Amino acid sequence: MQTVVQTLTWHDTWYLAPEIVLAAFTIVLAILDLALPKRIGRNIIGWGALLGLIAAGVFVGWHIHDLSTWEEAGKEPFRNLLDGSYRVDDFGNLLKLVFLGATALIVLASLGTTRTDEIPIKGEFYYLVLPAVLGAMVMASSGDLITLFIGMELLGITSYVLVAARKSAGISGEAAFKYVVTGGTASAFVLYGMSFLYGMTGSTRLSGIGDAIGNAVAESPAMVYVAFFLLIVGFALKLALAPFHAWAPDVYQGAPTPVTSFLGVVAKGAAFAMLYRIFVNTALYAYADNTQLRDDLYLALKVLAAAAMLVGVAGALRQQNAKRLLALSGVANAGILLIPLALDVTNFHASLFSEFIYYLLAYVLMNAGAFAVVAVVARGAKSEELSGFAGLYHRAPWTAAAMTVLVCSLAGLPVTGGFFGKLFILFGTVQTKEYWLAAVLLASTVISYYVYFSFIRQMYLRGGESELPVTVPVPTGLVIWICAAATVAMGFLPKPILEWVDGLFSLTTDFFSR
Amino acid sequence: MLDDLPILSMIAFLPLVGALVLLLVPQGRARLIRGMALAFTFAPLLAAVALYIAYEPLLGGEAFAEKLTWLSVPLNMEAGLSANGATSYRLLFDYRMGVDGISLPLVLLTGVVASMAALASVQIRKRWKLYYVLFLLLQTGMYGVFLARDLTVFFIFFEMTLIPMFFLIGIWGYFSRENAAKRFLVYNGLGSAVMLLAFLMLIATAGFSIEQTASGAALSFSGSYDVLAANLADPNAAANLNGSMFLSDSLKGAAFALLVVAFGIKLPLFPFHTWMLKVHTEAAPPVVMIHSGILLKMGAYGLLRFGAFLLPDQLRAWAPALAALGVVNIVYGAVLACVQKEFKLMLAYSSISHMGIVLLGIAALNETGFEGAIYQSVSHGLISALLFLIVGTLYERTGTTRIDELGGLASALPFTSGILLTAGLASLGLPGLSGFVGEFLSFLGLFDSYPWLVAVGVLGLLFSAVYVLRGVLGMTYGALPDRFAGLRDVRFVEALPMIALTALIVLLGVYPSLLTDAMAHGFDGALKLLQSAAGR
Amino acid sequence: MFNNVNIEFTGEFFAFFLLAVCAIVGAVLAINFAKVVHMAVSLAFTFVSLAGLYVLLQAEFVAFVQVLLYVGAVTILMIFGIMMTKHQSEGSETGRPLLETLAAIGCLCLFGILFYAIRSASFPVPTGELPADNTMAIGKLLYSSYAIPFELVSVLLTVAFIGAVALAKREPEGGNGEGAEPAAENKPAPLSGEEGKTP
Amino acid sequence: MDIVFSQVAWLAPLFPLTAFAVLTAMGRGLGKAGAIVATAASLLSFVLALLIAAERLGDSAEDYTGRIEWLRAGGVVLHAGYEVTNLTALMLVIVTLVALLVNVYSLSYMKDDERISVFFAYVALFTASMLGLVLADNLLTLYVCWELVGVCSFLLIGFWFRKPEARAAAKKAFVVTRIGDLGLLIAILLLYWNMPNHALDYTSLYNVFHSQSEALSDSLTTLIALLIFLGAVGKSGQFPLHVWLPDAMEGPTPISALIHAATMVAAGVYLVARTFDVFEASPNALTVVALVGAFTAIFAAAIGLAQNDIKRVLAYSTVSQLGYMMLALGSGAAAAAMFHLFTHAFFKALLFLAAGSVIHAVHTQDIREMGGLGRRMKLTAWTFGIGALALSGVPPLSGFWSKDAVLAAALEKSPWLFAVAVVTALFTALYMARLFFLVFTGSSRGEAVVYVHAKESPAAMTVPLVILAVLTVAAGFVWTPWNEWLPGWLAGSGAGEEEAGAGGWNGVVVAASVAASLLGLLLGWLVYGRKGAAVSAAAAKAPGLVRILERKFYIDELYDIAFVRPLAVLGRALHVFDEVVVDGAVRLVGRSVQAAGKLNTRLLSGQLQTYGLAALAGAVILIVAIAGRRFW
Amino acid sequence: MTMLGSYLTLAAVLFCLGLYGVLTKRNAIIVLLSIELMLSAVNLNLVAFAKYGINASLRGQVFSLFTMTVAAAEAAVGIAVLISLYRRRATVNVDEFNELRR
């Protein structure tokens, strides 16, 4: 293992360009924030952060392009740095794009709605988003437990700060504290599981673990079970899968709305990315004669997914607070997002990544859009309760229309991105003949109609207390409409995206090659 | 001429175009909005009539079939993981439209009822624009359901009816409209979820087609009705696909059961009927016209097309149960209709009763029965649309539709009462009006196999006489309460749809060949399957 | 399950046993003490015991960092925190028997599972030896194989630093925290030691 | 012989149908003009019917059949067609004649009604339906018209819709006859599936059932016959479905005449006669028909003895006479039945129209409030008297001849049936005598003012009376012992040869018949006609019996308890079931989901450590349940 | 029981004690410290595996170094959050942090 000691070369920095850009922007913006006099609005930091995100995105795009040219040239379309400590491949790149795009949308939306009296540390608020995304990106593209863990913690610790940013409200601090404790505990579980994995296989490299795990299963299955279940529990906490979800509504409600959106989309997506990395490289090989360990692991994921879907929508039924409602819907959606992975890779089901990333993308759009609307409405109504939406159809018809589209997508009604995302996942479920899981998914979808239409009910069927028009700040409005339009587009024409993903992503090179 | 036009898509999407155009019209221009809505409602009706005229039963409407590859989703099948040695593996979503003897009558029905409902929408007093936009969207969904020839497309259209209907009930209904709308949404959502599960089961196992290309076999899955029908009818299909992947018999049974539940909710089948009572009583009359007149028929249509035709073995196995359920529906609905005090509720139960007859027709397993089921659907659509049109008129004038509060309306509103009586008579299956034909054919079809069930089922005809006369006579005969003395009979605008619907009901009753000729050959394929199923 | 316990009573084991008892006692006491400061201190005791165990495990550098970080930094930080939030509710650490019982049962179950797994595992004979010059080798590893996480940790620490400052500093207008101690010096000073590592 | 007019027989129903369409389309505004249009249409039909009958009078005219494809169902074509035979020609004449007379009569009778054009429209439709029924060449077409006849009678019975009684009677008529209709429907379904080629036309029926082709088993044949008979029972008011017929008196009197004489109730008898081939193939069914007919005859006659409503007495008499017809049919004498139908049509129409004339004059239907009207309304009294005598079977009026034919047939079947029929004849004469004497003789018992103002009806009403009276006298001579023209003519087409001369003449029959009717009339005169006879004389002597008869043997009450109330109770029970159990289950599901949500919300108490505990519990359960089972 | 088993058992004990602390301690600071205890237990695991596991190597030790650093950072942020919260609520009792609920 230690035969060749690889070191980081200058050449390798090219592959780290997006990450470096983000780190550099963080530092520059931090200095700028210190240097700029107080009277200058901190929105400029926000625009800077946006710029950084876009720049990083450009580099990711560049990488994608590079990789595809390699593929055409017959070279393997991925690059392992330092023996897999960092990995540039299409799996990672695609997810990075999603994270960067989602964060950019969220930042853009927040530029219109963030108020200084609420978030006094506005400068930090904006530029700390960058290291958080950096953490997420690391989680998506590493082949080493340590790197993955550091990425996770980078994202986690930054998120704690961001959640607490709404310093004027006590609930923000409370949410942050709850998040710290939950996140810390989750990290401990994940780490504990990792330590067992390391111990059973003697490697922190995922590829090394994958090589040795089969042996470990044969030798001491109980230990491997424990290792994976600790990991699963840790991730379930991070992802807020039922019954590990209870913290989510509290944290989501207390956090500033853009951060809530970020947590729901990027933090969750990154956790999924890491889960994929680990599972596809290790759990997939965790079989030996006379054990059903592998099946059991996937069964556990399925059970968690089912529980999350049901508990999420059931919990959302009685919520009166828009953010809590969306938090619980996020629980359900995390369950849905888990399904493709939980279905395992089999003869009849190899499209797990397409299914996952398509729904993730759809979820990003509808979530970011919905939270942007919530932020706008909350600004007008001075409350994040659902009742703030009352009569929105009269007060801001176009925003109401956009929200209708987003809510339909959340509910999985055609023809929206959410619908097709769900459809693909369902198709996979049915193809692997996991009908019970499909039934649970459908049942939760039906219950969710009730949940999501509480928005509709408020917007269309109720008169608002005030009939004043709601003002929509331009950047936020832009985001709302980008999200709504993209949601519809994803419903009608999912083909380009899926073809593109399929063209780039490949199970063999992204998941199975070492 | 029609061959060159994508007439089916035109029918389906004209209302959608109308809805989009309406969005651009300013809120205040009520007259313009209404006029455009009417135009975009009548346009597909005209197209449907043109289609009917051009339709040749023997061709089975092949001339109009439309197919467009909409989406082709790669399923990432890589070397070493592929089934059947296929090199590519895709999920296809084709946009397929088609019309045959089964769907054509229902398309016409949709056009007629929707147009009449549009005319009747003069009763709508608030939020015009939104109303008509939703109304048009709903139409696209309905047409699409009857025209789609792909399971996914069907599902999408099916769902598309859900949302506009939710709003139409929830915004323009009566007192507890929200409750009704919510129940409609969740119950029907459940139905379509169950349907989707069944559809996906079929697609993922039997919707395959294998195409040999230069680079190897290309395996694709699609919801194309034709592909599914061919595969399910082909005894070698399982061998063509990697054996374990194909639909096993027990799964077929499960899929059929799911379809029965899914479409049973829509139909509605006892005991899944309670949601529609709420809708019937709480929604605005033009909306109920659509709902009772068309949406319920989607259940019958779906059950016939996807349950009966795709899974004939299962239909055969289930036929006794379906027939029994149909009889339960008939008698249960009828007996309950006999004791209702609210006329709308009575009509709701009568719908349950009448849709039971549709089930009987389907369970008959012969062409007569199938034709009866479709005929009954069309006829009930027209009749219930007419009845609810009258209900709307009456409610507008009297503010109530309770049988015990009304009476003697024949004195004050002779025209409306006369139409009501006619509609009632049609509803109780009077020969010479359309209701009889459907009932007769259904009973006739089923009688061959289950005479005793039919004998019980005809009791429904007796009860229908009881409740219809009780309701209609209770409202129109007798002494006129003083407070209704000053009522004015219908204006011409209101009378127009009534006359049109009545005329159609009479026409279909007197000369049923108008529809049955179009239906001829529509069932040929299915019947062949059924016969071979019997042979096995 | 316990009948096949055959432990060689070597010197190492004796040391392990001693340190393990210390660590557990520290942890148990930390949970049972009434005063918050006592808890913190007894946890520090546990951390020190752990450092001893690391030495036993030929991880001298880790042991060193353990003392530096946990005992030196984290515990002190916590005690700072305790001081700053010093409060009246000292003796109110009682009264949730249901929660405690259930938590105890849950933790015991978890431990049972872990213990069963550990007991039933058949650990392979270790292959390979740890290099003698531990610290040097660790340094090499950090700068070669683990260069990327190493760099990332620097970012992480910076972020934590900035974040901690941003959160803990008082806002001029919104400072209505009633009677909070003047905690201007609460910058997480101990971190600066690690900060030095950032290139 | 050239059969021009038979070819256009389809025009016969078309005239009134057109009238109906015109009247409906033009609406109420038409008024009197509409009435004239309808009358003209019925005149046209009558003329056509006469022409058709005339061209068939010659020997063995060919039956004529015409049909169109009505409905293609599953590869089998259902036709709509018409067939002209001697039987149908006879019926055509009866129907159109009575319809015409009723139309004329109504021109005057209904002239003050604001909805006169509606009335005439209904009558026109009624006539058209009945003509269609008569002409139909197959059972399905017959069924269609059959139902239309039912609905028209319903409309006309309920014509005075403001009266609650009219509403109830109309409803009752429709629902009760529908019970019979269902029998007929099932019979049609049975025939459809069991007949070769799914044929439903009479020719095929004749071929199948006459040839003893064994295409249908005996029991099946009996079943079909009985089901058809069930239809006839409903329409013709036979026991136990007779209850609607007396209540149908709520309609305008001309309608009663129409229903009782020519259309509605005749349809049942006609149906059995038309499908007589089926019945002949099943002796058991014939016996049932005969028994039901005989029972109905005496049963209704008995009730008729104690009724006080002039129209109700006539109504029960109709039921009774229809029982006679059924008896004849059951005895295998279709021709006799048709003969009685023929004569009955005239004298019953006469009686009703005369009764209408009386009612028109005194505005009451209760015979206890009449009396002595013979002096004021001579013509009416005379014509009524002729009708009453004919009904009583007094020779040589038409009723005598037809009743004799029936009695003879009954005797052939069974002496018991004959005995019943004779007693019925006695009852008939008795209640007719009672009716006549109470209405027209004696002194007025009603309000004097009414009596004073009572006067003879106008010509439009009396002329039909006279015409009918003449026919009543004359119609019997088509079939007398010395002239057996009618059965021969009827048998000439369709019905088969061997049943010609079914009756045969028998001195016993004639004697019994005449004796019974004279005895009845005498008895009636003794009790009601003599000076000083009291209305309630009978009631005073045998109160219990009279009461039972007045209450119509409590059949309505029995039905109410046996069917109507249980249905209502069942309905209400199901309503509760629907709301509590079915909808309750739905609500339960909804509630339990809501409750799950609530539980979930309760977990979200804000207590972080509770969350942690739940998570820990979840983790332990997950591990134990999934991994633990492998190590158990 | 091998030495490795003993170490692992000790780590498991400490981990569970830490978890128990997180779940039951009222004082928010102690809760944070309990998390540190859990992380320390993991470190013990890692270091023990580094010596006794297959492929004995320093990777486990390196891993534990990273863990410690992260734990310290987490503690710092945790305390900062707590202080910020304390300013608003004047309490560090976990069970009084329940403004966010239902």
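Going by the order they are written in, the chains are A, B, C, D and E; count residues from 1 in each one.
Simple rule for what comes next: a contact is a pair of C-beta atoms (placed from the backbone, for glycine too) under 8 Å apart; a residue touches a chain by one contact, two chains touch by 3 or more.
Just so we're clear, the structure is a prediction, and the values are computed from it rather than from any experiment.
**Q** Out of curiosity, which chains are bumping into both subunit D and subunit E?
**A** Chains touching both subunit D and subunit E: A, C.
**Q** Measuring between Cα centroids, what's the chain most distant from subunit B?
**A** Max centre-to-centre separation from subunit B belongs to C.
**Q** Report the chain whose CA-based centre is farthest from the CA-based centre of subunit A.
**A** Checked the centroid distances; the maximum from subunit A is D.
**Q** If you count the contact pairs for each chain pair, which pair has the most?
**A** Among the chain pairs, C-E has the highest number of C-beta contacts.
**Q** Using CA atom means as chain centres, which chain is nearest the centre of all the protein shown?
**A** So the chain sitting closest to the middle is B.
**Q** Go ahead and note the Å separation of the Cα centroids belonging to subunit A and subunit C.
**A** 29
**Q** Centre to centre, by mean C-alpha position, how many angstrom separate subunit A and subunit E?
**A** 25
**Q** Measure off the straight-line distance from the CA centroid of subunit A to the CA centroid of subunit B, and report it in whole Å.
**A** That pair's centroid distance is 42 Å.
**Q** Find the geometric centre of each of subunit C and subunit E from their Cα atoms only, then give the gap between the two centres in Å, rounded to an integer.
**A** 6
**Q** Two or more other chains in contact with one residue: find those residues in subunit B.
**A** Residues 186.
**Q** Do you know which subunit E residues sit against two or more other chains?
**A** 8, 15, 18-19, 22-24, 32, 48, 53-57, 59, 62, 66, 70, 73-74, 77, 80-82, 84, 88, 95, 97, 99-102 - these are the residues of subunit E that touch more than one other chain.
**Q** Two-or-more-chain contact residues of subunit D, please, as numbers and ranges.
**A** 601, 604, 606, 608-610, 612-613, 616-617, 619, 623, 631
**Q** Can you name every chain pair that touches?
**A** Applying the touch rule to all chain pairs gives A-B, A-C, A-D, A-E, B-D, C-D, C-E, D-E.
**Q** List the residues on subunit C that touch subunit D in their complex, please.
**A** By the definition above, subunit C touches subunit D via 99, 102-103, 106-107, 109-110, 113, 116, 120.
**Q** So in the complex, the part of subunit E that touches subunit D is made up of which residues?
**A** Touching subunit D from subunit E are residues 19, 22-24, 94-95, 97-102.
**Q** Which residues, counting only subunit E, touch subunit C once they are in their complex?
**A** The contact residues of subunit E facing subunit C are 1-10, 12-21, 23-27, 29-30, 32-33, 36-37, 40, 43-44, 47-48, 50-59, 61-62, 64-66, 68-77, 79-84, 86-88, 90-93, 95.
**Q** Where on subunit D does subunit C make contact in their complex?
**A** Result: residues 609-610, 612-613, 616-617, 619-620, 623-624, 628, 631 of subunit D touch subunit C.
**Q** Mind pulling up the subunit B residues that touch subunit D in the complex?
**A** Listed in rising order, the residues of subunit B that touch subunit D are 186-187, 270-271, 273-275, 332, 335-336, 338-340, 366-369, 371-372, 408, 410-411, 414, 425, 430-432, 436-437, 440-441, 443-445, 447-448, 451, 454-455, 458-459, 461-463, 465-466, 469-470, 473, 476-480, 511-513, 516-517, 520.
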